[in-house]
C-alpha cells in the first residue's frame, strides 16, 4: 500500500518534487498543505454526491451540484494524471489500492454522460479519505492503526472459525423458524428466515419480521440469548490479540515511566523484569528510565 | 468426534484407501480433492433446499430444483454407504456426531415421498459444512477452533451461573411488565411479556411490543440499562478464559515457535524467543518442544 | 445469605435432621433428594403462574391451574413452617434473603382470596430457583458464582461512575431530540424523549419512536455511535476485574497440568514461576504437578 | 476543571469561608451539607423542567411548575453570584467547564420571558449533577473516574482511527443500499441510507427503514455481521487500556496494599503481599511505598 519505493529516483528535479508533494507526508511544507487541501476537497465532493441524491435539494440547486461535481471530477482527474507522471512504475501505482480508488473516483462522473444515474457510484471516493491516516502520520495514528491491523490479522483464523460457525447456526435456526412460523408471520421463505436469524442473532432486531407463535417466540428467545452471549467470542479474541499487539509494540500509551531493562554490556533492551543476565550476550541487565 | 481410531487397520487395501479418502485430510492427493468437492456439493445442496422454499423460484424452476435435490440425495446416500463400509466399527460411526448428521442429511428427501414438505428438514445438512474445519486442518484453523472450544468449555460453569441469573431476571421483570402494561400495549400474557423481556434485555428490541405507560417505560429503561451493562459479564468471562487458553496453547498467534526456551544449565524455562543466554544464571538457552 | 450458622446445635435430634435436609446440601442422601424435588416443584409452580395469565389456556384448564396453584402454595407453606421450626433463630431466617423470598412466594395466593388478580405476584417465587446454586454446590458453581460476585463488587465504584455519566448524557441528548423533533415524530415530552434516548444508546432500538428530520437523524446517529462505543466501558471494567478475581481465586479453569511451586521445606504453595527461594521460610522452591 | 488554585488566599475571612463551602468538598461540616442540598436541588429542578414538557401535567399544574422553575432559577442565580464573589480570578471561573454550565443553567429561564419555549434549554443544568463526583470524592469515586478518564484518554488515537474507518464504511455501505433498494423501501436519499447504515451497523435496528429485496437483505446481513464483530474493537481497546490504567494506579480494587514488596538484600521488587523472604536470594522482604 505504501508507494514509498515507487520513488522516481533518477528522474528530473520537478518529478521528484511532484512525487514528494503528492505521495510523501512527513514534511512540513507544501506536501502537508496539499494533503490538507486534498482531504477537504474529497470531503466536499462526497457531500456533493450525497446531496445529489436528495430530491428536494436537486430541485432547487441541481445546477450548482452538477457544476461542483464536474469541478471536483476535473480536479481529481488532473491529480490522477500528476500521480501517474510522477511515479517510477505507472503499472504499480495503477494497480495499488489507492491507485484503483483514485481511478474509480473519477470514472462514474464521465460514465454518467452515457449512463444517467451512474454518478452516484462516485461515492467510492470516500475511500480516498482513508489517506487522512497518512496526513496524520506525523502524530501517531499510523502506529495505532498498525497495532489494530496487526491484532486483526493475528486473530483472522479464529474469526473465520467463528464466522463459519455463526453462518451454519443462522442457516439452521432460520430454517427451523420458517418451518415453525411460516409465511403468515413474514417468514416467507428460508432465505428470508435466514436474514431474520441474522437480524436477531446480531441483536439488531429490526422488527419487520417477528415470530407470532409461542414456539416461534421460544426459539427466538433462545437465538437472542445465544447472540447476546456469543458476542463475547469476537470481543474476547480481539481483546487478547490487542493485549499481545500492544505488548509487542512496546509500553502501552499512558503508562508513565516504565523503565526498560537494558544490558549494560551490549545495550540490548526489552528484557523481562526479573532478568539478571542479558539474553543476547550474558552481560548484566540494568533498569533504565526512558527520556 | 475424530474418527481417527476408527481406522480399518487389518482390512483389505481398498478399504484402507477408501477410509483415507473419506475420513483423513492431511494428504495432498485424492483425500483433499474429495474434501473440496464434498464441501462444494454440500453448499450447492443447501442452496437448492433454500431456493426450494422461495415460491417465485419454485413456480419457474420447480422441476430443476427437485431433480437436483434427488441427485444430491443419491450422492450423499452413496457417500454414507461408502463411509459405513470403510470404518472399522459401523456402530461407532453411526452414533458419532458426523455419522448422525450424515444420516439426517438424506432421510428428509426420502421422507418427502410420503410426507410432502418434509424435504425442508434436509437443511440440517448444512451442519456437514462444519467438516470444512477438517479440510482446513492443514493450515491452523483446527488449533484455533480447539482454543476457542477449550475457552468455552473452561467457562461453562460461569456461563451456566450467568444464564440461570438472566432467566430468573427475565421471568420476574417480564411478569412485572405484564402487571404494569397489560394486554392493551401487547403484553397479552406472562409468557409473551417474558419473551419481550428477553428481546429487551439482549438489546435486540424488535419493537413488535413496546411499553406505553410512563411506569412501563421507566421499568423498560432499567431493563435496557441492565442488558447494556450485563453483556459485559459473558464478554469478560470469555476474554479471561481465552487469554488463559491462548497462554496454555503456547505463544500467541503470529509469534512463531511454540517450543519452550529452557536454560541448558539451570533448566529455567519461559525465556523470550530471541534469548541466547539464561536470564537467571547466564547459561545457554535451548528450545525444547513440549510433548 | 448462608444460614449455616443458624444451625440448631443443642436442639433435639429430629430438629437437627430437619435442618440438614432443608438447609444443607453437601450430603448425598435425603438432603440432595429434597433439593432436587424442591427445584422441580418451584419450576412447575412458576409455569402454572405463567400459564394462568394466558387467556386461551385459562378458558379451557382454569380449574386445573387453580387447583395446582393451591397445591403448590400449601406445599410451600408447610415447607416455610418446617424451616421456621428447624432454625436456631427464627428472626434471622425470616429476615434473610431466602426467608423473605420464601414468604413472598406464598402470600399472593392467599391474598388473591380478597384481591382477585394478585396471585400473579406469586411469580416472585422464581427467585427461589436461585437455590439451585446451593444444590449444585457439590460441583463448582458456587465458587464460580463467588468469583463473578467478587468481580461485580470490586467494580461497583466504576460502574456507578459510568451509570451517572450515562444518565446525564441520556437526559441531555433526549431533551435535545425533543427540541429538534417535537411531538409529530413521537417525541411527545422530555421524559418520553429520554426513554427514547435510553432505547437508542443501549442499542435496543425498538423503533416505536424514530427521528424524522435530517438534524434529528444526525443527532440520533451520534447517539448510536456513542452507545456502540461506550458499551466497551462496562465490558472493559468487568474483564479487568474478572481477570484479577480469577487470579486471586487460584489457577484458572481448564489450564491443564499447571505445576504448583511448593517450598521443599515448609510445603507452602503458590510461589511465582521464577521463585527459587520460599517467601515464607527461605527454603528451596520446587515444582510439583497436581494429582 | 478543579478550581482548587482559584482560592482567594489573601481575601477577607468571610470570602475564604464562602469559597470553602462553595468549592471544597473534603470537610465534614457546612461544605458537605451544602453539596448534598445542591445536588438535591439540581435534581429537583431537572425534574421540573422535564415535567414542564408533559402536556397533561402542564394543563393541571402549570402554575406550580412555573413558580418552582423561577424559585430554582433565582436560587441558582444567587449561587452563581456567590461563586463569582468568592473566587480569586472571576475570569477563570467564568470560563471553566462548571462556570459555563452554571451560567447556562440560569440563562434559559430569563430568556423565556422574551422567547417562549426556550426554558426547555434549562435542561443543561443536569450537567451540574456531575458535581456529584466532587461530593463523593470522600469515598473513592474520584480515583475511579480518573482511571476511566485516563484509559479513555490513552485510547483516543485508536478510537479516532476506529471511528474514521466506521464513518467511511457507513457512507459506502449506505450508498450501495440506496442504489440497491431505492426510495420504495424507504431509502429515499443517500443521507437517509447512511443514517440507516449507522442504525444497522451499531446493532440498534429501529426498523423504520428495512431492506425489501433479496440483494438488499444479503448486503444488510453482511453489515449486521460486521457490526456484530466490529464492536469487539472498541471493547478490546478499552479493556487493554483499563488493565494498564488500573495497573499504573496501583493494585486492583479489593487487593489491600499498593506498596511494592522489595528485598532488603538484593532490592528485587514485585514480591507477593504475603512474601517474607526474597524469591531470588532468600533475603528479607520489606514493603516500600512508591513515591
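In order of appearance the chains are A, B, C and D, and numbering begins at 1 in each one.
As a working rule, a contact is a pair of C-beta atoms (placed from the backbone, for glycine too) under 8 Å apart; a residue touches a chain by one contact, two chains touch by 3 or more.
Just so it is clear, the model here is predicted, and its values are computed rather than measured.
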> From subunit B, what is the lowest number of touch steps before subunit D is reached?
Replying inline: 1
>> When I count C-beta pairs in contact, which pair ends up with more: A-D or A-C?
In response: A-D
> Once you find the CA centre of subunit A and the CA centre of subunit D, what distance in Å lies between them?
Replying inline: 28
> For subunit A and subunit C, what's the span in angstrom between their mean Cα positions?
Replying inline: 40
> Of all residues in subunit B, which are in touch with two or more distinct other chains?
Replying inline: 151, 162, 191, 194, 203-207, 227, 231, 235-237, 239, 241, 243, 280
> What part of subunit A is in contact with subunit B in the complex they form?
Replying inline: 150, 153-155, 157-158, 160-162, 164-165, 168, 171-172, 175, 178-179, 188-191, 194, 200, 203-207, 210, 214, 217-218, 220-221, 224-225, 227-229, 231-233, 235-237, 239-241, 243-244, 270-272, 274-282, 285
> Mind pulling up the subunit A residues that touch subunit C in the complex?
Replying inline: 203-207, 235, 239, 274
>> Which stretch or stretches of subunit B touch subunit A in the complex?
In response: 46, 49-55, 120-121, 123-124, 126-127, 129-130, 132-133, 139-141, 144-145, 147-148, 151, 159, 162-163, 166, 191-192, 194-195, 198-199, 201-208, 227, 231, 234-239, 241-243, 246, 252-255, 271-272, 274-282, 285
